[in-house]
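Chains here go by letter, A, B, C and D, matching the order in which they are written, and residues are numbered from 1 within each.
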């Protein structure tokens, strides 16, 4: 395990990558995201041995957005088993944007993977719970366990704002309801999904989740298994094949670390035998990935030879 | 104007085509349609001079389903003008099934024409009226004017049943709402649309509408203009290029009469200088067109050389 | 039959539409087309009674390009019968550009209609003849019969130039060869096709072909049947549903006359009971249709109420 | 490094998976492939320390087919640099079958990755060499270096047979030539490509190539660098994201070892810190992957915990 990285190095790198923030744009489809400061940058590393190192605006919180897809997948797999989940959602990467619908028109009309919106919505639909709040409550409990932090919740304003404007996700859900990929109320599934996306963390908390995945799903301190090893592995696999939207392939080549990004500008990375890395920088490139997050992870990977390939 | 057709000929032809009813299937996605009797066949011709001729179960009523798309288009054009309507819905035929969504993902994401579901939903959304019932009420008034029959209404059971199961149409509507093709409430637009599709007529009433279109939008008796001539022409043009789903091209070649079909098994045809023809036969081919309706119109067109081409 | 149109009117209209030539661009993918003068405009009307009227650069010749698709279709139908042809090429319009390939990947992988390139190449492949020159010779003979003009031939420079650069058409042909839509040599079929597209006419000759189609395939003078009536009708039907590339639907609405355009800027129109109209104006809109051709036909149709709808 | 695997275990596993050969079908699009015996199974492991272990018909040779795409990519990257190559071929996985063409119609029309046919053809087009034979000669020299075996060549019958019937690959090449993705003669590129696909190896030779990739591109004995480390890494990354056709995602989840398959039924796998694995079993599943190869690799990965995730 490479532990030569110092706080000084991280700070220096943050300074180096800060100008790139202006190459992208903060997500602006809802006010709460549009208010993010493109200069708020933060990075945290949570080593597998429990040690941590961080730099930047580490207190800044952000909503998980698409990063939550990894966590909801883990819970849905634990709730339903692999067979049930993968009967309804595929395992294949696509070259399509995350919001794309046209593939659903091909037969069988199931989403190609759980990292595109259609697949993630189907996954949330599968999480056990009679109500949206019960589903979200179970997701939060799951995150509390992983982070050992009961204070984590979701941002109501973001959740409501996304819920109001989520016409495309409603379109995807109704399409899947027509084809029996999802069941029950579209509005309730969307309610759970937008709350899940609005779960709020900082980079230190997020890096800890990455470390737990890197540790095969076991808690770093207690060694208690929170996610079965083979399910943690499935999550990390999807992070490689589909984690960075339709830039996953180039990210795998340039960085080579399992990672999942969200439109809040956050990235969760997890590296077996090393730990978790979380980056926050709300300025996004045209694919929806944090400009600064990508730059930082590329620097880290190249300098410390972290690619899994 | 060819007026050699007699009731005897129509009856003989109905007998000839009746066996073909078993080559297709009655629509079964809602109970009310599934209950239709595949042997219920009817045909009516309403000549442009007012004379009528009919055969078969002429008292049988059916719901307009997709035939209503022609009528709602006429009303939306009268309400909003051509420019407004065609800014939101295209004029081009597609080779796609009527329920297809993938084209909306191409830019600009507007429906290719008003005869596919996406386009028809957008058209209904444009009809003036503060509530679904006001829109439907205006459509009914419009039909009452065209048929000179105030008794025509919609079938509540069919409308409700379609409304309940219309997941795909909700998907299309939300997709279009995302892209500002439709405005306002999706549920209300769908409410109006499913009621519009459930408007109930018999072949005699429907043939009269065809005659009015053939007469350039003027009432056959009074000569009063109910639809401006250029708008009636637009409707007939779409009936040729997109009226028979993704079999419009082959219908144009084999029959060559402007026509629009509905999944209730009804077909509305309109021929300038001749009049209107309506056929009912609920057994559908795999494209969603009345098997018997197509056969009868092909016989008529070939025998009396009715093709416009 | 409306015969109020005078040479003076045509000349006046040519002057009116001339400025629109600068809204489009002359095709430039081969030098011979790029050399065309955007101000060369011509129009000819050949009435069904044999009378003619014309204006503009009526001596200017142009290559038929896609207009030849209508003529090759007629010959292929006469050579092979409807069943054989339509087993290999569909009857449905598409909303796709003429060079599009992706639909071939849908099953069954046959071209949707004979007016897109894939379909037209398959049609040329079906024309009887052991060599490309025999096929083209038969096409020329057919055109000589229709125009009563033995001098018509093809432009070798254009044919060779198109043959050299026809990578996309080779791609379409090989795709269809893989799926047994076409047989034999791709290069030979392409040789015949590019020569067919390079057949050179002026508006007077072209208008005569339109008149013959309008006359149900019979020679206007002798009354001799050159094309069976039902096959002439098929050609005119495709001119309506697919004749103006992916602007066929809007052309049907705005003009409503069966017409086929070519990238040389020429348009062939044919109207039953009226005659043939040919327009030449090499400046093209973004769909590949003559800007001036469309304008002139729209003026004519609206002023003299020529729409078939 | 796990070295508990014994010849006995491999033999036992071959016996266990042999029945699965009848769940698939030997490729039959050319006679030489159709002649393969579905019961010919072989596996070889070449550890990174140079030790080898093997079982089954290890003398049986097979043609590389799509496995050659990894090797030609390495050579093209060494010949042209990353920027040149990735300007012409993308890095993103697709959910499409390997022979798919429709994505090329999206803009920019470059192949999504070098493992689908379009991308691999573009890669072969880039390999330096004035003639097809010079390109193939350089590829063979490259393979001779990697395997330390000068005897390796290509199967002329297979190459010729594939060349004759490669209509779809010609279609892809001409499409890319139209869009300047490939240059020069389509027939020559195809000649080089079909010869490259016909390169003949056995599992021992193939496993050695896998070991060299696992060793970062350095020769296991001499330590001499044959492929720059970052280029070897790129190859292994594509093996994960796109190596198993449109089953790459599920293979990553079930097996998690970088691997590339070919329609001859062979699979090349490469695992950093472990070595190379080659499997041969010509019976293919519906995606084109060796049924037995997948089974064996899944057994190996699960039993010895070899997944990289």
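Here is the rule we use: contacts are C-beta pairs under 8 Å (C-beta built on N, C-alpha and C of every residue); 3 or more make two chains touch, one makes a residue touch a chain.
Everything quoted here is computed from the prediction, not taken from an experiment.
Asks: Chains touching chain A and chain B alike, please list them.
Replies: none
Asks: If each step moves to a chain the current one touches, what is the fewest number of steps from chain B to chain D?
Replies: Minimum number of steps from chain B to chain D: 2.
Asks: Quick one: point me to the chain whose Cα centre is farthest from that of chain C.
Replies: Here the answer is chain A, farthest from chain C.
Asks: Where are there more C-beta contacts: C-D or A-D?
Replies: Spelling it out, more C-beta pairs touch across A-D than across the other pair.
Asks: Have a look at where chain B meets chain C and say same if over half of the interface residue numbers show up on both copies, different if under half do.
Replies: Same, since over half the interface numbering is common to both chains.
Asks: What whole-number Å value describes the gap between the mean CA coordinates of chain A and chain C?
Replies: 55
Asks: Would you kindly tell me how far, in whole Å, the mean C-alpha position of chain D lies from that of chain A?
Replies: 32
Asks: Report the inter-centroid distance (CA atoms only) between chain C and chain D in whole Å.
Replies: For chain C versus chain D, the centre distance works out to 48 Å.
Asks: Enumerate the residues of chain D that touch no fewer than two other chains.
Replies: In chain D, no residue touches two or more other chains.
Asks: Applying the document's contact rule, which stretches of chain C touch chain D when the two form their complex?
Replies: Of all residues in chain C, those touching chain D are 100-102, 104-105, 167-168, 170-175, 177-178, 186.
Asks: Over in the complex, which chain B residues touch chain C? Could you list them?
Replies: 90-96, 103, 112-113, 233-234, 236-238, 240-242, 246-250, 252-253, 256, 258, 272, 307-309
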